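Okay, so subunit A shows up in both of these, paired with subunit B first and subunit C after.
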Partner chain A sequence: MAAPALEVHARAFQRASILDLARHWWPVALIAVWLLIVLVPGLLAPQDPLAVNTLNILAPPSGEHLFGTDHAGRDLWARCVWGVRYSLGISILIVVGAAAIGTVIGGVAGLFRGPVDALLMRTTDVFLAFPYLILAIAIASAVGPGLTTVVVALTAVWWPGYARMVRGQVLALKELPFVEGARAAGTSTLMILFRHLLPHLLPQLSARLSMDVGYAVLAMTGLSFLGLGAQPPTPELGTIIADAHSHLLSAWWYTTLPGLFVLAMVLSSMVVSDWLEARNKSQFS
Partner chain B sequence: MTYYLLRRLVGAVAVLFGVVTGTFVLSHVIPSCPACAVAGLRAGPEQIKEAAHSLGLDRPVWDQYVTYISGLVHGDLGISYASRQPIGPAILSALPATLELVFYSFIIYAVLGVGLGLVWAWRGNRPESWLIRLLSMLGTALPVFWFAMVLQLWVGLRLGWFPITGRMQLDTPPMITGFYTIDSLLTGNFHAFFDASWHLVLPVTALVMWQFAVASRLTQKSVIEEMRMPYVRTAIAKGAGTRRVMLGHVFRNAINPVLTMLGLQFGWLLGGTVLVEVVFSWPGIGIYMYNALQTFDFPAIMAVTVVITLGFVVVNLVVDLLYPVIDPRIRALG
Partner chain C sequence: MTASVCEVSDLTVAYHSGTEWLQAVRSVSFEVRRGEILAVVGETGSGKSTTATAVIRMLPANGRVTSGRVLFDGRDLLTLSVRDMRRLRGQEIAYVPQQPMSAFNPTMTIGRQVAEPLVIHRGMNERKAAPQAAHRLKEMGIHDVPRVMHSYPHQLSGGMLQRAMIATAMICQPRLLILDEPTSALDVTIQRQILSLIKQVQADYQLAVILISHDLKVVSEVADRILVMYGGRGVEVGSTPDLMNASRHPYTRGLLRSTMRAGLDHKSKLASLAGYPPNPHEVDKEPGCPFRPRCPRAVAECAERFPPGAFEDGHGWACYNPEPAS
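The block that comes next holds the complex of A and B.
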């Protein structure tokens, strides 16, 4: 009973997408704007984020420097915009990587069951038993500071959540007749996972992905704030905010303004995620 | 029931074992040379060998592992590479500061989060729900370290309402519990009590704003889900008032996932205090870990990781043990 209904919904999902995009243009526009900043930050910030000007340090916001300048006289607006490239770009990388690893592991665990499942799930248990920020700090300190470190540490703490979610969904989906049919036709297990199950997982995965990009931005700027991520002079938002802390007294803009970018990124990711979730609900219920 | 308790306990011990093994493996895959760091910059191969010997680094890995585990069981967290002092006492002396911060934040956001989440679900689309929703979104999206700095700058420095660093200005009260607020009350020193409380306001606000959001959203979700259950309709049909239905029926059934979340959040809170302590120079284990990070003091970093995870596992175990007390279904099924 459930299977044909699900398939009909899956087709409706595909057909509705273009119409849907036209009707809900603003979450799409939001994604487009952020992606544009990540891909070509120079469009929004013509100034060089690394150009030092010792004659103009800690200048307040003005027409020339929208966000003022930092302790080395660099244009803060340019640094923040380029910071989005690092913070958001790398967060997307982390979450997509973690989702891919988690999907494969969770999918395999759900499809095979037995000892494979038990082993994989106990491993995720241990990962989930760490407070994630602390685990990321421990891993990052072992690898040594740098952007690669942040990617490694955060991917390592992020995949178990996806493995859990995908396993749960696969366990429910694999009992449906279309999986049985594919199996009877001789399809291999991995093929079943990618060709037949993945399309059903995508709606939920995408909502979670867009939410997690926001959380990853928070985690990665946090690690950078502690000095584990991007190293100066790289314009990464967490590093910029950490630098600003020693100028708390003398430059309010330095402390206050870069954080607004982080806030805006995370809020956008939440809005997009809410939109995706609402879409899923209206189509799958 | 006994089976349930036993299973949870064994689970907690297994997780702790995994965590300890994990940190041990981590500290042994580091491609650095701790013995060189300890021996100093001008040390020759002889001195490095000696340093490695005194740290036990020249023994086989499994031997080091056994020593490490038995040390942990006896409460020995190892020797710091940076200070060459035992880590255990250093963490122990920093722990009350962190616990005081986390304790007050936890109480406040748990009450606020669950309370406001209930109001949010109850009130549906009214303005107060929208306000809570907005606050909750903001709280989730704020980078906690930045928000802490903004509070420090605008409320602490510009308005001058609250002190911006440390735990206390006056002399510290005599050590009884290690919580300055409680110790000063116990000794009847109200000036010290107000001083300590005043210093807590900004860091606690930062942590509460960050975590209350998660708690309120989950409470709202859980309550809304319960409100759709048939027994709610039955209760209303039988003439039970809204207050009675919400608090007596819905809330009691909705509390389980909320409890789980509060337990998990406690762990996030422990992670988040590192960031907040750095901003406010709060002399807890967060600052200790931060300083260890700056000097690549791995035993200290791993020790803090183990201690925080231990706290996390214990809190989650307590939550697990609370379930049967709150939910008779678990008591019956085991």
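The block that comes next holds the complex of A and C.
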């Protein structure tokens, strides 16, 4: 019977208290630092990331310019920090949006079954069949490259994964007796999904979400590097690295430091996701 | 006599199993009146729970009502739109599923779940609905209401949860309450308390109650009338005294003989029904009485056709060779 596992599950929700945060301070701190950079980049990098100074181009790291300057004499530290805002911030938006779309579609498919399920899941398969790079190139050739292109292309290929995951979970969850209880109270199917089943999906959703943010950062900077995403002078990390790669031999910091930023973002996302998954596991078994 | 709240006539329900349709309930008819508890009694597989879920149209996906009518207030529930049916559930007709322990969502507090019908049907927000939920819980005999309101299901006992379950069912003041085995998962002392709670709620609100149970003895303490089911058929129906003291169907008699009663000493042997409960795959094809293979009074006719009901002052039985009236 499923009851014991669910009891533990319920306890997980109660334990999300201040004490819990104290015990797991480091992943929380990690998330906080990144979010701080995304929300107020000016706090860490007071310099203007767009201010050109042609007298001081490709200057190596120094006390004045922590990360040196780029080929237009702009402060690289400021550009990297603002780059996090674009790369990470937009990646989070993409993944959250994709998860929301996928949850609704997968949840509805799992709860209604029948022709609705078939229609939604075959549509999902069609989207799943598209490589995001091809889709981005197609959109870019239609409306031109830019951040919108990246957001549309990545969201379009990202939601099907969530739809499949949520559908599978809902299929299992909806057989639990409390769903029958809710139905007997007159609760509608959509209300059952959002009110009763969503809390049960959160552990898996959160672990996947945090991991996907890392993948989205990679995909997004990759698209920008190829010139399909953010356009110069926007300080997006992929764009910065694309600008820098012709100076690879003369200015090591110009490619390396923004690259390390990307690495740090992706690693953080994996670490947080691992932590969430371990946490779920310890509470589910 | 007061008007009937719910009238089920000729209800037949079939389940799709593998390649064939099996009839779990066959031509069952009964009615429940205002201010009355009707107990539906039968062993596992007799079709009693299926009957209840068919009434509120919550059969599993492989179940179909193949014939019959369920009149509630003169409206046939079986032809109502999904939306209208949903409006009735929890508001006019309340259903308490089996197993209170798992019928609550483990991720939500009891208070929110008790208040849920108000949020759904009356458009209240949760904060506004909470005092009413608290009031209902208190009415159901829960003393430390604030603690229970903020508890999660795993923190409460089975009896407590069953009380909360009934509070949820009663919160919109329905007219028909259907309880599926409300006491089976509880221990004996709690059973007694829950039954008297049901009786009290029923009397206070002049409810019509359908009480599903496998325990004839237990329900006889609260039920006004009893319907006995066997193999998907209704075999006997009547007032509780009629059934307990003057039952005519051999199955009802057999059930009564096999229960504990005062005056038995350690030497007396409890009677038991010979044979086994019917196999749903076979009883389905049975043209005659499903009880025939186990029946001590079976006659030749029993194998041919299910006996028509005989009635005497509201006491009805379906048998060709009934026990003599005592």
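Operating definition for what follows: the second predicted complex is superposed on the first by the 266 of 285 C-alpha atoms of A that agree within 3 Å, B and C clash if a C-alpha of one lies under 4 Å from a C-alpha of the other, contacts with A are read in each partner's own complex, and residues count from 1 in each chain.
Just so it is clear, contacts are C-beta pairs under 8 Å (C-beta built on N, C-alpha and C of every residue); 3 or more make two chains touch, one makes a residue touch a chain.
Because the structure is predicted, anything quoted here is derived from the model rather than measured.
After superposition onto subunit A, partners subunit B and subunit C are found to sit side by side with no clash. Within the superposed three-chain model, A:141 lies in touch with subunit B and out of touch with subunit C [touch as defined at top]. Applying the stated contact rule after C-alpha superposition, one finds that A:165 touches neither subunit B nor subunit C. With both structures placed on the common chain, the touch criterion links A:132 to subunit B but leaves subunit C unconnected.
With both structures placed on the common chain, the touch criterion links A:225 to subunit B but leaves subunit C unconnected. Of the two partner chains placed by superposition, A:59 touches none, neither subunit B nor subunit C. Once chain A of one complex is fitted onto chain A of the other, the partner contacts of A:214 are limited to subunit B, with no touch recorded for subunit C.
Judged by the touch definition given at the top, the superposed model places A:92 against neither subunit B nor subunit C.
Greater residue coverage of subunit A by touch, when subunit B is weighed against subunit C, goes to B. For the three-chain overlay built from the shared chain A, the minimum Cα spacing from subunit B to subunit C equals 18 Å.
Annotation: subunit A has no residue touching subunit B in one complex and subunit C in the other.
Of all residues in subunit B, only 14-15, 18-19, 22-23, 26-27, 29-30, 32, 137-138, 140-147, 149-150, 152-154, 157-158, 267-268, 270-272, 274-275, 278-279, 289-290, 293-294, 296, 298, 301-302, 304-305, 308-309, 312-313, 316 touch subunit A in the complex they form.
Every residue of subunit A that touches subunit B in the complex is listed here, in rising order: 122, 125-126, 129-135, 137-139, 141-142, 144, 214, 218, 221-222, 225-228, 238, 241, 244-245, 248-249, 252, 255-256, 258-259, 262-263, 266-267, 270. Here subunit A touches subunit C in the complex through residues 1-3, 6-7, 9-11, 13-14, 113, 176-178, 180-188, 191, 195-196, 199-200, going by the rule given at the top.
Put simply, subunit C touches subunit A in their complex at residues 56, 58, 61, 86-91, 94-99, 101-108, 116-117, 120-121, 152-154, 165, 168.
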